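Several structures are given next for inspection.
Presented sequentially are two complexes of chain A, the first with chain B as partner and the second with chain C.
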Partner chain A sequence: MIVDTSLFTRWVKFSPSILITLLIVPVVAGLLGVILPAFGWLPALGEETVGLRGFEALFATPGFVKMLALSFSTSFVSTFFAVLLSILILGNYFNSKLLGHIQRLLGPILVIPHAAAAIAIGFLIAPSGLIMRLFSPWLSGAELPPDILLPNDPCGFSIILGLTLKELPFILLIAMAAMQQKEIKQAIEGQYKVALSLGYYPFTSFCKAVLPILYPFIRLPIYAILAYSSASIEIPLILGPNTPPTLAVAIMQWFNDVDLHLRIQASAGALVQIMLTLCVLFTWWLLEQCVKRFCLSSLINGRRTYADITWKFLTHCITLLVLFAIVLALIGLVIWSFAGYWSFPKAYPDQLVTLHWQSALQQLPETIGDTILVALAATGIALFLALFTLEAEQQRRTQLSSVASLMIYLPLLVPSIAFLFGIVWVKEIIGVNAVFSMVVLGHLLFVMPYVFLSLATSYRKLDLRYANVAASLGRSPWSVFYSVKLPQLMPPILFSSALGLAISFSQYLPTLLLGGGRINTLTTEAVAIASGASRRISAVYVIIQLLLPAFGFILAWLIPKLFFRPRY
Partner chain B sequence: MDPASNMLSIQNLCIYKNESHLFTLDTSVLAGEILTIMGPSGSGKSTLLSWLSGMLDPAFTAEGKLLLGGQDISQTPSHLRRIALLFQDPLLFNHLTVSGNIEFGMQASKSNSKKQRISKALASVDLSGMETRAPKSLSGGQQARVALLRVLLNEPRVILLDEPFSKLDSQLRQATRELVFEQIRQRGLTAILVTHDQSDADAAAGKVINLSNTRSA
Partner chain C sequence: MPIIKNKPFRLRRWLIWTLLLLCPFINAQTLSEKTAWQQTLQDARDNSVYFYAWGGDPQVNRYLQWVTKRVDNKYGINLEHVKLAQTSDAVSRVLAERSAGNTSAGQVDLLWINGLNFATMATNKLLEANWVSNLPNFALTNPDQNPAMTMDFGMPTNGMEAPWGRAALTFYYNSASISTPPTTLQQLLTWSELNPGRFTYAKPPDFLGLSFLKYALIILNQQQDVSIYEQLYIAPTAQSERQLLSSLWTFLDKLHPHLWRQGRYFVNDGTSIRRLVGDSELDLGFTFSASDIPGAVDRFDLPLSIRSYAMKDGSLSNVHFVTIPVNAKHKAGAKVVANFLMSIEAQAKKQQPSNWGDRTVVDLSLLAPDKQLMFSSLQQHPSALPELDTSPSLSEPHPQWSAVISKEWEKRYGAKQ
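Moving on, here comes the complex of A and B:
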């Protein structure tokens, strides 16, 4: 056996272990850092007796059950709606050019930070928001903004709206990516044709012949969405109620409270949050089993249609409504950012000013700089580790084990509120004071899975014959990697980089907690401003939040065209 | 059955791909007959079947009429045409059992009578007792027979065969072909077979059209 001991080969060999360690250690340490205080052990505060007082205080919190109910219902209902809408859109536009157009229109929504999306939706649905202005007074009759608590309604409808609009593009794009894989594409297109030729109406054909094949491919992403939304912070913080808020928001508030003893209650809450997330996942699993049991007989009952025409009409209406809401939210943001005096119910401001942009841009350079630096560092490390890990796979000729693959997604599956505070505590115990590095590490936990996922397909599809030819011509493994594989992978690498940057730009909790207020990014600033300051300044922040990832994706699209196109 | 009631007429059909002419066809098939379409790859055989089934790819355009039993169905959506397809891959649903796959093709009726018909049909193609088996556990020839039953028990008026025997080995090919043709004739179905293989055309014993000869109008 030939053993290559070059530095590159050694790095490649250890990369998978480094990558997995880098993801597991903070999550496990973070979880431990929450479990011990949850049971009352917090020596820094003189609490050294183990007990259940954290849980007792938690259960005695006014509105605790309501918090649980709000977290559970908003995450479950929003995911249910997002999945339902995705099925309607996929089923009714299957094999149609419209699906591609919808994908292109909804795709950019995916990279909009949750905080930005929440602020934009808040602007839209508020009593003095753009929707109310467009329909007042000619339809609503309102001369003054109506007295409705929107957003921040106590039932969490605004949270459900926000989460659904953010989750819908994600599920759609995951499903469409699966549908474009060669084997799946052949299978579903063939079976759809079979169903049509046997007399099934188009949407029924999709539900009976395509969906059972497709669902397993979107199942894990749906579980990730459920886990995320049950513990998300930004959307419930901006759109949700405060009397009480969702459990995750309450935990964050307790952790950040000046009364440090609330940390014990917060840690107990973090463990309850994990249970709640598991409960949401289990309920979804139960729903799947019910649907499976109920639908198996209806698959073969011979019914060719289930009101296909009504569903199609409904899908057209919902799709238009979603696109209308998105476009209106974006237009609203731009108008608010330039609005001077703007009285209700006018749909357009009395005057347009650049004042808000000027003042924001004066305050922002340092924040934008920090945002970009953290994102570049986290994405750079993620890219480096992902590429080397994938190269290790090719050198070993075996893919990562399923356990290792699952570990890569661990930070997405474990509620971040449950382990990030633990990391802060561990950091304090071991006396790490490197704020920038800690923030980068925090971002890396969430950037890594996306970068790896987006690179893996392309890397694993590389035609190895090119590398073999180069090796047979005497090129070293590093040279083959650098001069043969990387140029072939340039477009996916750039796309993954843009995705990594976008994910980093959108992080709120890791920056807030691990930065300890010493590093601020656009997202932390935008959330802070959204809670009270001017709607106009907020709009400017959100637009810049949208422009940064968009700029990354434009670069990822332009660079291969400018520098890597074939020259004749 | 009156052979004219299920007569399929293709009238003045011209298929274009990105505005360039692909082929022209004007023919008809009576019930119980098998029309064989031959031609080299790219001549438009599968495109013809797509047009007949109402699933023409948007890259193609078509002029001409399709009449079934004298009724113009050119604009009828595919699911209402009662024209069933049998592909070269069996395309059985892996989320259903063998019985479920056949039941999928059948019209809505009482479950008991369906089960009896399925058992009888399976027995007729030497697949007795296979009702609860997973499609993946069957051999290629067995899968092809299940796919055939799924189409036949759907009771279509026309059956389109898109090289359905091409992936079978020669011995199995001949047996499956005989079974398919026999069933088509017994049931008085109108059938169009697309194939590369002259022996398929000979066994069909019907009219043969070579699409490479129909390129000019």
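Moving on, here comes the complex of A and C:
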């Protein structure tokens, strides 16, 4: 393609570098801002000697090994379950309409902020939660909530449950998006049909013929999930134990402790957290290698079935259970948000009132406004940069290098707790006071990767012949981009925007740390309220947290239907 | 009208001139104070004051919305309530700012604080000093007769914080499931043995959890020799730690197996206890703001059968303050807001149970009867702490005890499962 040097093409040319810089600089600066204090350099406290006392204090923390073990096991096991369940669901419902239905039902969970999901799951499984109430006292015989340690059990089962439920839809959606790409779709469907015709049972066919092709496409997202869950805050904070908590939660508590010298220990902890995350990733890689080694022979051993019927039955049960839990959690939330007093073991409150909604809605308009404003700004910038970067790819006719693609994932792979505190420190040193733009930048770090990745597939798949025809008729690159490519891409652009908005809505740490409390979003308010005492108000906040991103997705789905007539 | 208005004007100018001429001869302080305050009021106009205050309680948040309106009307100040999940977030913010060399454009203008957070900020010199006595309304608290107004957990405030309200540890129980709640610390232990799993406290360093531990620490050491007991009010030493803390650990070792979840899990947040009482998981809870309880009953978070009471062997009590960080950007505005928070209007409004119910710092004996009347509540909520229910007030130990208790608690119980 011949490209003249208009303003547009110059912008396009630079946008890949701008995009990568915007992602790398804050992360690297943030990491630096943690490394220096970790080795004892914190001039504000008069700590100017470099040493290892932060690490010494860290290792002397009571239960330190348990913290590591808890972080490691919960993230690894939950991801393992999520991947396993995804494989079961994909394999057993492959090429069936059910898969689409399940995707539509699970999709909304993807956009639920982690804090909201954790609160909802807590409502469900607590000894005084909805499940227990449904079975009390007629079955359990309990007039009072039983004194069992759930959630917050010391082994982290509740964390695993929460993380698995959150990760499952993500992996499913990524896998299904990959399977819909033209070349992959052709390959796997062909292979699958051949396997079936050779007498392989459906699930075995999927595992032997489809999975080996599919897995490389979901591999990076799985690593991102592992990294995220090994350092996540909200779910372990709300559902996890605290004697001791997971490492990430402990780090956050040390950073927030009134004893400012704990900050050195916290920074050291942040570095250990990075090591821990690397360990989790490495272990997963080992697992992959083992599976590869030991399953290679069974791929070609010709065996047609591995208890396929049992697996299918199991998948039905698990899918039903997951859906049941989700629906029950949602129902529970709605009832709590309208509940008058609701004593145990009643399955239904004494009376329904609108008081909680009224008082929340009185205080919320400004917060919702800020939430949307930040999200629109972050998503807008992300969309703009992502589109231009992808356009640059097409003008250069080469895809981003694999290093560059990895860089886009960087904010998702480095534990955010490790670099966000550093960013605050660096920000103070530079003396930036612009709160709003800092929060937008913070959100951008997390919104950008998702927007880029969700757009990239469609953009790269775009049938270039239309653009070529337009260009050959003398249209400028801008005009080709604006009036040929963008209209073709409208549905994926809208979807990416909705996804970007949803990601931005759910950010807790970046908003809190970079906004310094001056910008309250729905999520920061919800976590602050969850630290308060009212289950009812919490429920209202969680529901609004669910509705906001859902609204975005509904718009993304409706707009093309209403305004863009189908052209074929 | 203009004629009448003119006269005092001239009179005042004359007065000022005379007084100025007499300055060398009379005590000039009152006058310069007054003009200095006028100057502060002038500087404060159109300030945006960022008030960092814990935002976990809807009732407090509503009260602060009212304050926002009032200071806007009265002084043209734009007050922004920055809702914190933990006060220590703001402490770290000020620290980070100062460590980055930000000495005059800090984001925190006013901060709701007391105890350990104050001690931390004061010892790190993060607070503006000697401004409180310049606030006209500070005199209403009668600081000369009332040492609690100038001492925060045993530490002299040195004019770094203005008192805002008073709190005492108050217990509450579900009268539908217990008829006679434990009224002393020892009874609490025996009651817990009889009713396992129906009581808990929050994990330190949570403020409420620490308060419970301090209450226990004081009660358990009351029988000790006075010279040892008084060590609680000065910074702990290795020796006093040994002498005073051992009885606390013995008590907790006995208590923990009978707590909620057998003491294997402690809630992170003191206010979660209220939720657990509401869920019927606990029968007995405690709070530092007694007024929360009737409010929570009215919002259906607690059952109607909740009753509040004070422990007979004593209630830990303290004063909470507002303070100005040394690098605050809008100091004048912050001072004017702090002064307004101590005014009769704001304090009376705050004491009304329907607004917040936080006890006033104003010394009512200094006020005229009609002003005093503003502070009395109209009717008593059945779940509220009976006004006659008073118990010996136990003052807070030196703030460093909190740090010591947290640390030792963590060692003993922090990794126990």
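Throughout what follows, the second predicted complex is superposed on the first by the 556 of 568 C-alpha atoms of A that agree within 3 Å, B and C clash if a C-alpha of one lies under 4 Å from a C-alpha of the other, contacts with A are read in each partner's own complex, and residues count from 1 in each chain.
Everything that follows uses one rule, which is that contacts are C-beta pairs under 8 Å (C-beta built on N, C-alpha and C of every residue); 3 or more make two chains touch, one makes a residue touch a chain.
Keep in mind it's a predicted model, so treat the numbers as computed, not measured.
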Legend entry - Combined model on chain A where chain B meets chain C, clash or fit: fit
Inset, instruction - Mind working out whether A:A528 is in touch with chain B, chain C, both or neither, as first, second, both or neither? - result: second
Inset, instruction - Applying the touch criterion given at the start, work out whether A:N152 contacts chain B, chain C, both or neither, answering first, second, both or neither. - result: second
Inset, instruction - Name the contact category of A:N301: first (chain B only), second (chain C only), both, or neither. - result: first
Inset, instruction - Counting touched residues of chain A, say whether chain B or chain C comes out ahead. - result: C
Inset, instruction - Tell me which partner A:F388 touches in the superposition: chain B (first), chain C (second), both or neither. - result: neither
Inset, instruction - Could you look at A:D259 and tell me whether it touches chain B, chain C, both or neither (first, second, both, neither)? - result: second
Inset, instruction - Name the contact category of A:K208: first (chain B only), second (chain C only), both, or neither. - result: first
Inset, instruction - Figure out whether A:Q191 sits in contact with chain B (first) or chain C (second), or with both, or with neither. - result: first
Inset, instruction - Examine A:A339 and indicate which partner it touches, taking first as chain B and second as chain C; both and neither are also allowed. - result: second
Legend entry - Which of chain B and chain C A:Y459 touches, first, second, both or neither: neither
Legend entry - Three-chain overlay, vertex chain A: chain B-chain C angle, C-alpha, nearest 10 degrees: 160
Inset, instruction - Pick out the closest CA atoms of chain B and chain C after fitting on chain A and give their distance in Å. - result: 47
Inset, instruction - Jot down the residues of chain A that show up as touching in both complexes, chain B in one and chain C in the other. - result: none
Inset, instruction - Would you tell me which residues of chain A are touching chain B in their complex? - result: 97, 187, 190-191, 193-202, 205, 208-209, 212-213, 299-304
Legend entry - Touching residues on chain A, where the partner in the complex is chain C: 42-45, 62-63, 66, 126-128, 144-145, 147-149, 152, 154, 237, 241-244, 255-260, 263, 339-344, 353, 355-356, 359, 363, 424-425, 428-429, 431, 433, 435, 512, 516-518, 520, 524-525, 527-529, 531-537
Legend entry - chain A contact footprint on chain B (complex, rising order): 53-55, 58, 77-85, 87, 89, 91, 93-96, 100, 103-109, 114, 150-151, 154, 156, 160
Inset, instruction - Report the residues of chain C in contact with chain A in the complex, numbered from low to high. - result: 50, 52, 55-58, 61, 80, 82-86, 88-93, 95-102, 105, 107, 116-117, 120, 124, 196-197, 203, 205, 260-262, 264-266, 268-269, 271-275, 278-281, 292, 296, 299-304, 403, 410-411, 413-417
